[in-house]
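Read through the structures below before going on.
Next, two complexes with chain A in common: one pairs it with chain B, the other with chain C.
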Partner chain A sequence: MMIIFKIYSHTTQLNMVRYHLSKTDVEDLVVGAAILGTGGGGDPYIGKLMVIQELERGRRIEIVSIDEADGDAFIVPVAAMGTPVVLMEKIPSGKEALYSLRLLEGYFNRRVDFISPIEAGGVNSTIPLVVGAERGLPVIDADGMGRAFPELQMVTFHIYGIKATPMAISDERGNAAILDTVDNYWAERIARAITVKYGGSAWIAIYPTFGKLYRDAAIKGSISLAIEVGKALREAKLAGRNPVDALLDVTHGFELFKGKIIDVQRFNIGGFARGEAVIEGLDEYKGSRLMIRFQNENLVAIKDNEVVASVPDLITVLDSESGKPITTERLRYGLRVLVISMPCNEKWRTSKGLETVGPRYFGYDIDYVPIEVRVKRVVKP
Partner chain B sequence: MTKYKVGIDVGSTHTDAVILDEGNNLIHAEKTMTTPDVTSGIINALRLVLEGSGVSRDDIAAVMFGTTHIINAIVQRRNLGKVGVVRIGLPATEAIEPMLDWPIDLRDSVNAGITMIRGGHDYTGEPITQFDEDSLRKALEAFRNRGVDAVAVTSVWSVVNPEHEVKVRELASELLPGVPIVLSHEISSIGLLERENATILNAASIKVMVNAINALREALRDMGLEHAKMFFAQNDGTTASADYIVRFPIFTVIAPISNSIRGAYVLTKIPNAIVADTGGATTNIGALINGYPREALEIEIGGVRTNIRAPDVIAIGLAGGSIVEVKDGDVKVGPVSVGYRLIYEGISWGGGTVTATDIALAKGIMSIDDPMCNPELARSKIPSWLVERAYAKMIEILEDSIDRIKLKPEPETVILVGGGSAMWPKTLRGAREVIRPEHAQYANAIGAATALVGAVVEKAYSYEQITRERAIQDASEEAKKRAVEAGADPSTVEVAEVEEIAMPYLPGNAVKVRVKAVGKLKL
Partner chain C sequence: MMIIFKIYSHTTQLNMVRYHLSKTDVEDLVVGAAILGTGGGGDPYIGKLMVIQELERGRRIEIVSIDEADGDAFIVPVAAMGTPVVLMEKIPSGKEALYSLRLLEGYFNRRVDFISPIEAGGVNSTIPLVVGAERGLPVIDADGMGRAFPELQMVTFHIYGIKATPMAISDERGNAAILDTVDNYWAERIARAITVKYGGSAWIAIYPTFGKLYRDAAIKGSISLAIEVGKALREAKLAGRNPVDALLDVTHGFELFKGKIIDVQRFNIGGFARGEAVIEGLDEYKGSRLMIRFQNENLVAIKDNEVVASVPDLITVLDSESGKPITTERLRYGLRVLVISMPCNEKWRTSKGLETVGPRYFGYDIDYVPIEVRVKRVVKP
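And now, the complex of A and B:
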């Protein structure tokens, strides 16, 4: 087995098979995860401090390439679920997900070989790193979204036919339950109810699977991508280059709009924070308006009555001065912003993918058109 | 017999003092230089305003301070107390230890030991686990042996159920008599780390506040003002007695910024407006909502993230002393400032530096009542194209900041205050009207002198367990009680604001209720 430790060169961690995270990697990863979080996914501040605490305690976090997992390796994704405000107040013990893992190991009568993130965006990008540090387990450089989404079945594991259950769900006290459900939607529903009983946050080990299936289903390189995004921004700022150009370069993204937020409306429908923000164009966008519709995450961007981007492609709002991403709950009048869109993983662009997370699933009666196609249409009509 | 109040506000360059009568009419005002120790500057200002006004010392009923003692101590890491830190929440919260992301020098000067024990609650108010009194006892004994100056206690969801924090105070009164015990639910709101940070900073500041109060009390005695009551401006635009603020010094940490916003209201009686306070080096732009400063969600103090109540302001490096420069054909104004040296270095005073004030003088916008100031120098020495371009730039920066502080696009009233505010024009983009009230240069000290005594309580409730009326009543009672503790006359205390903030995604109709109670000074 080849082991390559951090060697910085023009090629990045993407080409590395195994490496250990440094504090700088963590800082970069959190910035990248906020951008891939597309306005949702929870405040990564708590997640960042959890990982830094692990490093300060002398533990190590090992990231491995998906190719390191044999076909029969036992891989279990781990995540937190629940309410962001609870995570801010009832800080985790850091051991919660270990209870879930242990319970699942007992159920399968087999030790876990690798853990994996289910989300690349928001706070769940860092949770598996804490678990990896606590258990000394390597974390696979991949995930099930390549971004952030609000529900448990919104993962590529689901569209590849992997069952969410048997899954385990625990709290900080050590309460743990194992669920076996008829489908992944039921897993979401029951887990959500248990989360409430636990006090508003819960820790899950879910979509247990084996290397062969995982390799087909997962989105490869997402931890490295988040680190690269954060690093590109940091280095661009240091060198006095435009951070947004660097960001678009790494993510193959596009600038959609630049302007000032002139209106934000919020509606609380079905327990989700839905709403829309209207941005008035500045500079080369003067005279135009962009509307962003969101539900936890940014879902659709409409410029002067024409859809210019939609889920599952990523839409992120950045502060135009600092280049920092702005979450949907922090959108407000007067902010100067830059809106970018990045292509989602190809797996979301299949019919099963679009059925799960396409615009129609979120209630928008529009056809999905990949961002790079939409952009070309605008440039070359 | 008329009773008078003195208001004193410490700014970065100037310390201002005013005397007001019972009807809040301005009797006399003075400006002096702020001193590095803050206290001697306050004493100078106090002496000058007393002498200048001719008011008999016996008739001064209260002296009201808006001071920077606490922020200076935290930023400079000077004279802070050693704090024993108690976190209640295990097995939860262990993943992030207290003070993890503090600047190391600040952590070293404050930290006298951290202990994490079992206990705390869920958002429902139910205990997470059994409270571990034995470990607490051991921790407090260790703090006693180490000789801590104060103890900071933070329990999970104490804004819903403070039971475990209160237990610490009870046990500490026995084991650590005389040591201040600061409980987080009395400091700020939801967000454990931010609340814990604010609680620790508060505990560390108590020693600083005690020393400041003692020095000021002695100064008052020397001036024959031992009968005058001392009040300290709070971050939310209200004030509190010395006895109360010594328990909650963190509530004064950026009070001077609120004083000028509040002063703008007192001078204009306009309750909803944008306020720009222009001094020598910076302009602070904030918003008045129902007569009080609009508050920000979080604020960083000395490099530490907290969630104390503080005004939502944008600070820009553009004010009276801002230096005007031409670089690569571009005109720049600020953020570098000559500060108090304006009266030596400004072109209009015979100096060699073009400042924002010189531009406004050359433009004929303002006049300055100072025999040493000659606007003719500005007019003859600064080329007119530079005057025009620099002034346009200044206005652009101010208008842009006014727009950023707004929450909606409609034009609003803009109130200009502060020593440098005369340099602004009579109309601004985005402003329905621009008002620069009489005595605008003393708005901050007037804000300090006229503040009502106030207290804010924020608690979380589940409307499935308690009716909305009962919840609001409960929070209101507590806010009123705290306002009386802060020095309000009980017969005048009333609820000034009630705000309910729904907590999305939490079942049981969980709501954060925030009540502000205010009353007149008890003199």
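And now, the complex of A and C:
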């Protein structure tokens, strides 16, 4: 019989070795992952549907600590790629990524030992769980971002020198490709072009690697952190406490702004959901405006012409009533929102990290200032 | 010692079983293939450079009759894909396609027995020869078009039910992909998107198949026909006869028009060189204009608002002095040209053939009329 340990705190990482997800864990996970997904990574409701189906079919979803992976364990992250809004139109089962995983196993002629998430997000946190459940493979409590980012090379695996390819990329029709590229930027370029041709979304198995490399490169405890975040929100509501305060506590985050969305511009270009949202201040923020620019994920928050938060730190828009995260594809005129920012994992704050996902990579000619430094200078009204 | 047989006539197909190409054969081949390439398939001069290099290094290029391939022989066509003009800017060695071939062999875990051309053309007739020379593999005297066409599914292999995938597609940098698609139109779509990202040209190994299927589906004697066409042109010139007459004799073709190019429009869209050329009539064509529309290859010829030739029949533009073919990327203002049309292989004149490459597929709302029928009705002034 499997002994089920409980997760207590992400700061101590995992207090468990092997753990099976309950339905409540899944509910917490998708909410927490969508908050860490900074507007991207897909819709939490769709993500929840995928996993609950698996549990209701009697399948178990096993989460394991990164320490469970031996040095030569074969680990493959799986994910959806593309514009999240496409997934709202053709709701996936989550099993689509299985095909890419199998192709990659065929290419390597080796069975995968562990599944890994690549990023946090309503859908991209749950696809690995569905694939793990279907294949009877454990999912490692770690990922390559500790948040979500729009491009394939934007993972800590990349900054630790792991190759994105050989990668497999398939669609729900049965089209598939195995890519082998000279670098990870080429993997992004080619996979993005294929994703666009597939109709805007694709299913990938990518950054195949071994335990030894993965353990250094991955961001540990991503799944348990997402569960913890979702749980904090849920428990605060049950106890009648302010859910946002509970959320900021657990993520070490900051409130950036509160207001009403008065404009959303979006345009799907080159396989990304790009755009911006303008929020008019309410309460203590009255008279100010906050603009958020996004490329699948929220990239920068600009308050009255001053940058108040930027990648790689996390910027998340919450429903100001419920504290629930609003992904970029759900932003719309009239929503009352609260905008928060949370510090990113320290791996992103290195020079190679900032080169890969800092504001300049995204075309903003500003220096990165950690949110905890910035917030003291400019945020509070 | 290898006994070298000579090719006498394409109508009898091959009067030889195994044959090694001489330099003169190569010179004839590239000219003939460019004529059969109907404006596409790449520049004959570049094609010639590739093969002559191989011969000068002492490598032998062995052409074999289709009958040499056993039923279970593993046959893979290799080619360049993309806009031919890109190949003029970064001149290839022809060996680039070797990488795609090797990837496909790795994917099948089986060595290729025979190389095949996929189409006729200055470059696409010669790449298989270079790959064959480098790998010491014979090249089958057949192809999938008997001419050139712009899209991957436009091959007789397709109309005989052979799948384009698994196919390999690589670039000169070392990027590569193996594609497996639900049908051949999807193979075209995905491979084209990759080709565009590669910078406009790619190297493919495609339509992997076995002797039994290939023998029914292929167009036999394509290489020997190209040599024969080139030879007819060369010998006519040496003998002081009209080279175009010799050419029309050997291809059963017709003269369509003679004149001076007064306008060329071209635009690279979606990975194709599209455009049109307008020719003002000279001599007996004075007072008329011929417009040729192309998509890598010449598709239709319209004389004074009347269609005078269309796909799948061949339309080729020749230099009116030398009789040498002018590929679409070389069309330019002021050139004096002769336009000819030649009947296509009978496989293209079936209903499945016309569905695949008839004028309607290319967006022209006209019925296909075989050139030998059309020419009696409208061509002669």
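One rule holds for everything that comes next: the second predicted complex is superposed on the first by the 320 of 381 C-alpha atoms of A that agree within 3 Å, B and C clash if a C-alpha of one lies under 4 Å from a C-alpha of the other, contacts with A are read in each partner's own complex, and residues count from 1 in each chain.
By our rule, contacts are C-beta pairs under 8 Å (C-beta built on N, C-alpha and C of every residue); 3 or more make two chains touch, one makes a residue touch a chain.
Quick caveat: nothing in here was measured; it's all calculated off a predicted structure.
Peer 1: Let me test your reading of the model: by the given contact rule, A:Arg332 touches which partner, first (chain B), second (chain C), both or neither?
Peer 2: Touch status of A:Arg332: first partner only.
Peer 1: By the touch definition at the top of the document, which applies to A:Ile52: first (chain B), second (chain C), both, or neither?
Peer 2: A:Ile52 sits against chain B, while chain C stays out of touch.
Peer 1: More residues of chain A are touched by which chain, chain B or chain C?
Peer 2: In the superposed model, B touches more residues of chain A.
Peer 1: After superposition on the shared chain, which partner residues are touched by A:Glu89: those of chain B (first), chain C (second), both, or neither?
Peer 2: In the superposed model, A:Glu89 contacts chain B only, not chain C.
Peer 1: Please indicate which partner A:Gly253 is in contact with in the superposed arrangement: first for chain B, second for chain C, both, or neither.
Peer 2: Neither partner.
Peer 1: Once the shared chain is lined up, is A:Arg173 touching chain B (first), chain C (second), both, or neither of them?
Peer 2: In the superposed model, A:Arg173 contacts both chain B and chain C.
Peer 1: Determine, under the contact definition given at the top, whether A:Pro243 touches first (chain B), second (chain C), both, or neither.
Peer 2: neither
Peer 1: Once chain A of both complexes is superposed, is A:Ile194 in touch with chain B (first), chain C (second), both, or neither?
Peer 2: In the superposition, A:Ile194 contacts chain C only.
Peer 1: Which parts of chain A are touched by chain B and by chain C alike?
Peer 2: On chain A, the overlap between the chain B and chain C contacts is residues 173-174, 196.
Peer 1: Using the touch definition from the top, list the residues of chain A that touch chain B in their complex.
Peer 2: It comes out as residues 46, 49-50, 52-53, 56, 82-86, 88-95, 130, 172-174, 196, 199-200, 260, 262-263, 268, 271, 273, 332-336.
Peer 1: Under the stated contact criterion, what part of chain C meets chain A in this complex?
Peer 2: The contact residues of chain C facing chain A are 103, 107, 173-182, 186, 189-190, 193-194, 196-197.
Peer 1: Can you name the residues of chain B that touch chain A in the complex?
Peer 2: 89-97, 100-101, 120, 122-124, 128-129, 156-157, 190-193, 403-409, 502-507
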